[in-house]
Amino acid sequence: MTAVAEGWTPILPYAILAGGALAVFLAASLTKGRPSRVFAPISLLCALGAGLAALCAAPQAGIFAGTLDAGPFARFYQILTCGLTAGAILLLGGYSRRRGFERDELYALTLLAALGMCLLTAAVDWVILFLGLEMLSISLYVIIAAHKDAPQAAEAALKYFVLGAVASSFLLFGIALVYAATGETGVAESLRDAAQHGMEGIALLGFSCILVGLGFKISLAPFHLWTPDVYQGAPAPVTAFLSTGSKVAVFAALLRMALSESPLFARMDPVLWTLAALTMTAAPLGAMTQPSVKRMLAYSSAGHMGYLFMALLAAPIAGPGPIMFYSAVYGIMDMGAFGALSTLSPLDRDADDIMDFRGMGFDRPYAAGALALCLLTLAGLPPTAGFTGKFFLFESALSAGYVWLAVIGVISAIISVYYYLRVLAAMYMRAPEWAPARESAPGSYAVLALACAGALALGLLPAPVLSVMAASAPFTP
Amino acid sequence: MIVPLEHILLLAFILFLMGAVCALARRNLVMILLGLEVMLNAAGIAFVGASLRWMEMDGQAFVLFIMGVAAAEIAVGLALLVYCWRRSGSLDVNVFSRLKG
Amino acid sequence: MTLYGAIFYLLAAIILAATALALTRRALMHAVVYLVNAFFATAMLFYLLGAPLPAAFEVIIYAGAIMVLFLFIIMLMGVKDGRDMDAKKALAVWLPPVFLGAATLAAGWVLITAPAGAKEALPMARATPAELGRFVFDRYWLGVEAVSFLLFAGLAGALFLGKSGDEAGKTAKDGQGGAA
Amino acid sequence: MNAFPLLSTLIFLPLLGALATVLLSRSPALCRAAALGTALAELLLAACAIPLAADPGTILAENAAWIPSFGIRYALAMDGLSGLLVLMTAFLGVLAVLTSFKEITKRPGAYYAFLLAVETSACGVFLAKDLFLFYLFWEVQLVPMFFLIGVWGHEDRRKAALKFFLFSIAGGMLMLLAVIGAWLAQPEGARTFSLAALMAAPAAPHVQNWLFAAFFLAFAVKMPIVPVHTWLPDAHTQAPTAGSVILAGVLLKTGAYGLIRLAFPLFPDAAALSVPLLFVLGLAGLYHASLCALAQTDAKRLVAYSSVAHMALIVIGVAAWNAVSLSGAMLQMINHALTTGGLFIMIGMLSRRSGSRELASFGGVWKRSPVLGAFFLFFCMASAGLPGLNNFVSELLTLVGTWTGHPGVAAAAFAGAVLTLTYVLKLAQGTLFGTPAATQPEQWPDAEPLELCVLSPLAASILYLGFAPQAVLDMLRGPVSDFLPRIPQLFQ
Amino acid sequence: MQANLSLLLALPLFGALVLALLGRRLSRPMVERLACAAIIAAFIAALTALAGAWGETRLVPLFPWFSAGGFSASMDVLYDPLSGIMAVMVTFVSAIIHIHSVGYMRGDESYARYFCYLNLFVFFMLVITLADNLAFLFLGWEGVGFCSYALIGFWFADAERTLAGRKAFVMTRIGDVGFLIAMALFFATLGTLSLSGIIASVSALSVGTATALGLLLLWAAVGKSAQLPLLVWLPDAMAGPTPVSALIHAATMVTAGVYLLMRLFPVLALSQAALAAVGAVGAVTALFASFSALGQRDIKRILAWSTISQVGYMFLGIAAGDLCGGMFHLLAHAFFKSLLFMGAGCVIQALHEEHDIFRMGSRVRTAMPPVFLLFFLGALALAAVPPASGYFSKGRILYATLSHGGGLFTLYWAMGSLAAILTALYTFRLVFVAFFGDPAFPPKTWDIEPLPRFMIHVLWPLGALALLAGGLNLPGNFSGAEWLSHALRTVPGADAEFHGVSELAVSLADAGFCAVGLFLAWMLYGPRTAPGRRGPADPERFAHRMLRSGFGLDALYRKTVLTPFLALSGFMRRVVDEGAVDAAFMSQGVLWARTSMAARRLATGRTSTYLLTFLLGLAAICAVLLAKGA
């Protein structure tokens, strides 16, 4: 029987996030609806507090309350998601205050979304996994529609809701079938002995439905068409939070499933292979001739999920190290990219078309510099973290023998370099189209600085992060 | 002795697919949400059947949670529906297709 | 084919019929009412399968709360029929989903019925509400907490969208979107 | 192992200089001073590193753990060849900075930063002794070059910069897979990226073929070897003068250096198999590039094709794989950098005066500026391989060495010398002689002092390497004797 | 000895460097004095070196150039009588030409550049003469090629002249490829490039290799000495100043090829085929060039074609194994041909750049008798009129060819003799038309440009030598001491004895040929014949057009080699490089862009389409599972 984590320390991060949300609502009621600047600091404090709690709490290799993993694997992802949430809150603060849609619900729901992510990454039981995912999704549906004046925010929220709800129902039905086939509600146990009870067919159908549901969330190939629309419609900081937080958390859950030595994965290998290959070819196809930078970044995030999925295939053999490292790198670079985008955008609408970026390079040196560095990281060029991340991913894929998948990945990476450089070329090699609005949001510059520092640090000195992950590799199943 | 688990799962599967087809085919947002409810309900049936098969109450506990989640989801969904209906005046899901390409 | 088996197939037939009717109605009100019937039949099915508490909740939450919410919203918007079921495009609109649904059904059917594990009939059993309650709070207390926060988030979200809806009224129709 | 981390400072000094120029970008004069200071300091450092690298006694190396879980170490070492190439990079760096004083007016701070960054990456490539570190520096050199061509280039700069980047990154990414493949080919336990270990235990022959192919493609794109060379003329014509000098003088050499130090020793069996292909590509490159050069109307494109032809000789020299041809090929790497660098600097000066790079816009330069004309004729003759100047020595060594093993190839390459002369004389004819073109402005100053102090050291170094290359050849003897036995099939 | 030799080499180089760096600052007389002094000093050094090391062969290392992995090229000097005498000749003739140039170039303002190139040329020529290592020799070999390119195109304003320079450089470079390959072959077979080393281990060469090396060296010599088939560049090279033609295209550069063959004669001697080939080239070129000289109207072109023909004789001499005869003719030819060129230069300047001999008439003879006398002495030597030097040197070669025996060499002798007749014919045609009677066509101006005295009088030593140089190697029947052959006997391969055919008969035959040529010239172009008939034959007649254009060789090369080559390079650029290779990569990009455009149409923005992907995905996954599973 797996060890049971004693004491209440593992619950601390969740409690801080939940308490934070309530505190924000309480503060809102005290200030009786007048727009006040107190919400941002509170929520930021809670997010960072939760991250710190996860960092300081000594990781016990055990299960908390039968449903939550208190081991290093969950702890790593909690620190990462809390960090990304803090970044998102910082970006959101400056962005929403200047455009007049700063509301307490915005911050509270962000914290709840973070809580959902933590639950999702730490869930050992299907129930908690589903609840975490739902809490994350519901909060995101509302946050995307938060900016009333943005014409397309409503459309993005609606699309995300309709598709997200259908995906959740697929996921739920999949869980039902897997439970029916094995009688286990534990994620790892149910997948491991899926074939013991002679109902392997049902388990396979169930796992397919789960794959479709989660595939939507991390925008794998056939289900990725929503990503560009939602990323373009939603306000830039929200997109930052949506693209980094939710995808990293969902992928953590998928990683947990992959590491459960389940026979299903072996049976599903050709399907997973095709999904990874399809994603890695669909992403560059979508992004290559894309006039809109946000849509390009959306397709590129789908592409990066394709690389991660390739490494997921190799996870049972090569271990979770590379995926966890690349999740951190992906989170940093996407947060940096969308953060820089939100800083560079004028007040009336988000800087989206590539024409808006002309001549930015030298007029807005810091913000454009951050965007340039994040794009280089996305392209996977040394000395940024993108390179070391991609290196580890391909290393794990090749060591597991997926040579042709790695070749497809490399070709997709080559094409991806083109559409990242197109933005760089527009920024630095063309005359500016219009006078850029002066932006002085200290919060967002802090995030950009952290993102750039993270990208370079992980690029040059990945060893410390890797050693943390090596420690977390033998996590409790 | 009641029916074999297989039949219960088939019933759930058919119901699930009917809900899915409705969500996919109908253009009216309300009907899509209804289809969604049917899909969630189908999952509930599968859970209850499975919990009977394994003589465990996990499945039934799951059903309770499903209902909670469904309620929350529908609340937000309908709020969003009304919010979009107010802005666009129509319930057709494809009226919003400015974001494309 | 025991008595209970017969009851099961009867209930299954009722559920399928009611749902099919509900999902193909032009009028939203008719659809909701049919669906309520389907949920009643599902509740009875739950009871049959030894899950009295979920059966009760099915009636209270699904049929009671959610369907009533639907009715309320439909009446609020005063929309009569779905207006999307016009005949001429029906085939083009319905064919792909139905075809895909049928294909998935076929594949799923084979997958479900192929293995031998799920063939023998299930014994009668019942989980009394007291046992289920104690089990839920013993095993899934964290889940309950999570659902509570989930509902709280749903509540906050719905209020947020609803509340500022009227101010946004003046900006209604601006996001007119493409072809009506 | 001396205490002072000489090699790391050699690599990262230009980077510090780059940061300095960015910080000082407010006043152009300070930028220029900082850039020149750094470049000169780097040259000085490289110069005093050469005697250390030359005598076999001292071993210049550095080694530190970097990513232990993958066996990656921050390993540097300098032997004869890399010492020379670093010295050449520093020398060309100084010249590039000097030529940019007059030419670059828009945002000098960023410009010098990128110029010095390219220098850093090049020194990194030459000194890296760990395959991962080599690959990291190999990829890093693309970004600053992309900006140099893209921001400060001429009319069609964006397309040329993108084309340059994509060609190199395509080769680079495939090489990434090969790097991992080489690492995985090692036994499970002792996997490391150190070049020495990888060379000691090469992979199984059939695996080697794939890995060698990927490595060779990446180096072929960078050298460039014929079929994948079409990015070079565009990059050269659009790049600023200093960009062209660094591109031709340094970046092309990283390709050749990679081929000699990495591709051949790491995969000996595959390399032995590929020798006929290399000969075919070398000869095709020599003839194709020479013929294309003859047909050019743009001076810089002509010189770009000429450098493709010169690099083809290196390919032939390496493929012959014997003591004479290999030392000839290595010497050719240095000679080509100096002569082509000189030609590009001269064309930069002339096009700044005449306003365009077309040969038609030059003409009668000897009449209007005899000193410039003399220098231009000097560099043309050096490029044509006139004995007494540097190219002759390396071309003779390369082809005499190739003759001992493959007479047919050497004969064809010797005949190439005639083609070389035809397009060099066309360049000289179009520029120096005849009557000045009508489009030329009246004001046509002869060589300014700044230009003189760029051209004279270059001419002096060419003459020195032409008449007394023995000092350089002695330095190359160590690496040559180290490389040759690594491929038993080729080296009897 | 080493000091002498390094001085001999250093002086011209030092002169050239000083002129190159400081030339523009020094005054005109200073430049002229410096240039001439350098060469005269070099001449003295050559003389003292010759006296000092009389008859011995010394290997003097000067400077270790470079060596890598078994291949070594060092700047050493192989000083033996052959190179000693050659060095003296080169420096002597150069000195006189330098002094003459001072006068000739008095009107030209870029004198510094001219004298710098001239000094540089002398340095490179001395390198060829003295070099032991073939690579060092090649340094000189290409150096003279570059200097001839620079000097032919000296007046660079006129594009026509620079093109002639370029043609010369490219053609000689085609020849040099042979030299490079020969060097590679030497290294491959004997492992060394030093002449002494090669000659020492020449027996190790197989006949096949020797033939190959012989042919390669022949090809190099043909390129440099403008023999068939690479001779079209020399007539065009007359575009340069006349002293340049005198120095480069008469005395020194064109003989460099002959000198190389002499130096490596032991290698040639191994293979009869190689010698026969050298002979063939020599004989045919001699005949071909003498015919072409007949058809020329420009005084310098006549002399150019005559040089080609005389060098053909030297080739013949070597082929016949008579190294000493070849050297004798080389020396004699150097003296009288440079004299003729400088004489022609004076005539041209006097008649205000008049090149066409049919417009000259007797004006120069009457106005400047010394010029005519000097020219006449040179002409006598050229036409091999006894007792001039040409008679003995050419006679010696014809004698050697005839006595070599074998059908082939007798044929060569016959061709040589016919060429001797033609030589006398075109020489006296030149003398009669250019100096006697009135001009067939009205000249542009009638007045005579006065020339500086020293320019003419410096030529007297050459005039004397043209007449008396025969004494250098008087054959036995003229009670000659054959001084030259004794001097060269220690040179490997130069000690061949010839007897078989009586020497007297051959020398009488030579005198006869010269007489026949003179008679024909008198009949056709003599001062007595009527001016009308004496004019140039009808230029359009096929024979004359063929002669004038050197049997149309130049047009042939232009049509069969040059134009197709340029067309090929244009084709390679447009079609192969930009059309095929570049387009292949660019079309990849376009292909990807087009598929991307198509793929983006998939994202219609309609939620219903996106919903479809769910069931589509599930159906596909189940289908794959069933296909794989079942």
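For clarity, chains are labelled A, B, C, D and E in written order, and residue numbers in each chain start from 1.
Criterion: a contact is a pair of C-beta atoms (placed from the backbone, for glycine too) under 8 Å apart; a residue touches a chain by one contact, two chains touch by 3 or more.
Fair warning: this is a prediction, and the values are worked out from it, not measured in the lab.
Q: Following contacts chain by chain, what is the lowest number of steps it takes to reach subunit E starting at subunit C?
A: Counted as steps through touching chains, the separation is 1.
Q: Could you give the fewest steps needed to travel from subunit A to subunit B through chains in contact?
A: 1
Q: Would you kindly say which chain has the C-alpha centre located farthest from the C-alpha centre of subunit E?
A: Centroid comparison gives C as the farthest chain from subunit E.
Q: Which chain has its C-alpha centre closest to the mean of all protein C-alpha atoms shown?
A: Ranked by how close its C-alpha centre lies to the overall one, first comes D.
Q: Could you tell me which chain lies farthest from subunit D when each chain's centre is the average position of its Cα atoms?
A: Farthest chain from subunit D, going by C-alpha centroids: C.
Q: Return the distance between the CA-based centres of subunit C and subunit D, expressed in whole Å.
A: Roughly 70 Å separates the two chain centres.
Q: Could you give the separation in Å between the centres of subunit D and subunit E, each centre being the mean of its C-alpha atoms?
A: 38
Q: When the C-alpha atoms of subunit B and subunit C are each averaged to a single point, how far apart are the two points in Å?
A: Distance between chain centres: 5 Å.
Q: Rounded to the nearest whole Å, what is the centre-to-centre distance of subunit B and subunit D, using the mean of the C-alpha atoms as each centre?
A: 65
Q: What are the residues of subunit E that contact at least two other chains?
A: 589, 600, 603, 605, 607, 611-612, 614-616, 618, 622, 625
Q: Send over the residues of subunit B in touch with two or more other chains.
A: Counting only residues that touch two or more other chains, subunit B contributes 5, 9, 13, 19-21, 23-24, 27, 33, 49, 53, 58-59, 61, 65, 69, 72-73, 76, 80-81, 83, 87-88, 93-94, 96-101.
Q: Which residues belonging to subunit A are in contact with no fewer than two other chains?
A: Answer for subunit A, listing residues that touch two or more other chains: 127, 131, 134, 138, 141-142, 145, 151-152, 154-155, 158-159, 162, 166, 170, 180, 201-202, 204-205, 228-229, 290, 418.
Q: Could you list each pair of chains that touch one another?
A: A-B, A-C, A-D, A-E, B-C, B-E, C-E, D-E
Q: If you look only at subunit D, which of its residues touch subunit A in the complex?
A: On the subunit D side, the touching residues are 65-70, 107, 110, 132, 135-137, 139-140, 142-143, 146-147, 150-151, 157-158, 161-162, 165-166, 169-170, 173-174, 176-177, 180-181, 183-184.
Q: Mind listing the subunit A positions that touch subunit E in their complex?
A: So the residues of subunit A in touch with subunit E come to 158-159, 162-163, 166-167, 170, 201, 204-205, 208-209, 211-212, 215-216, 222-223, 225-226, 228-229, 267-268, 270-271, 274, 282, 284-290, 415, 418.
Q: Show me the residue ranges of subunit A that touch subunit D in the complex, using the header's touch definition.
A: 321, 362, 376, 381-383, 387-388, 390-392, 394-395, 398-399, 406-407, 410, 413-414, 417-418, 421-422, 424-425, 428-430, 461-463, 466-467, 470
Q: Which residues of subunit E touch subunit C once you look at their complex with the stated criterion?
A: 605, 612, 615-616, 618-619, 622-623, 625-626, 630
Q: Over in the complex, which subunit E residues touch subunit A? Could you list them?
A: 589, 592-593, 595-597, 599-600, 602-603, 605, 607, 609-611, 613-614, 616-618, 620-622, 624-625, 628-629
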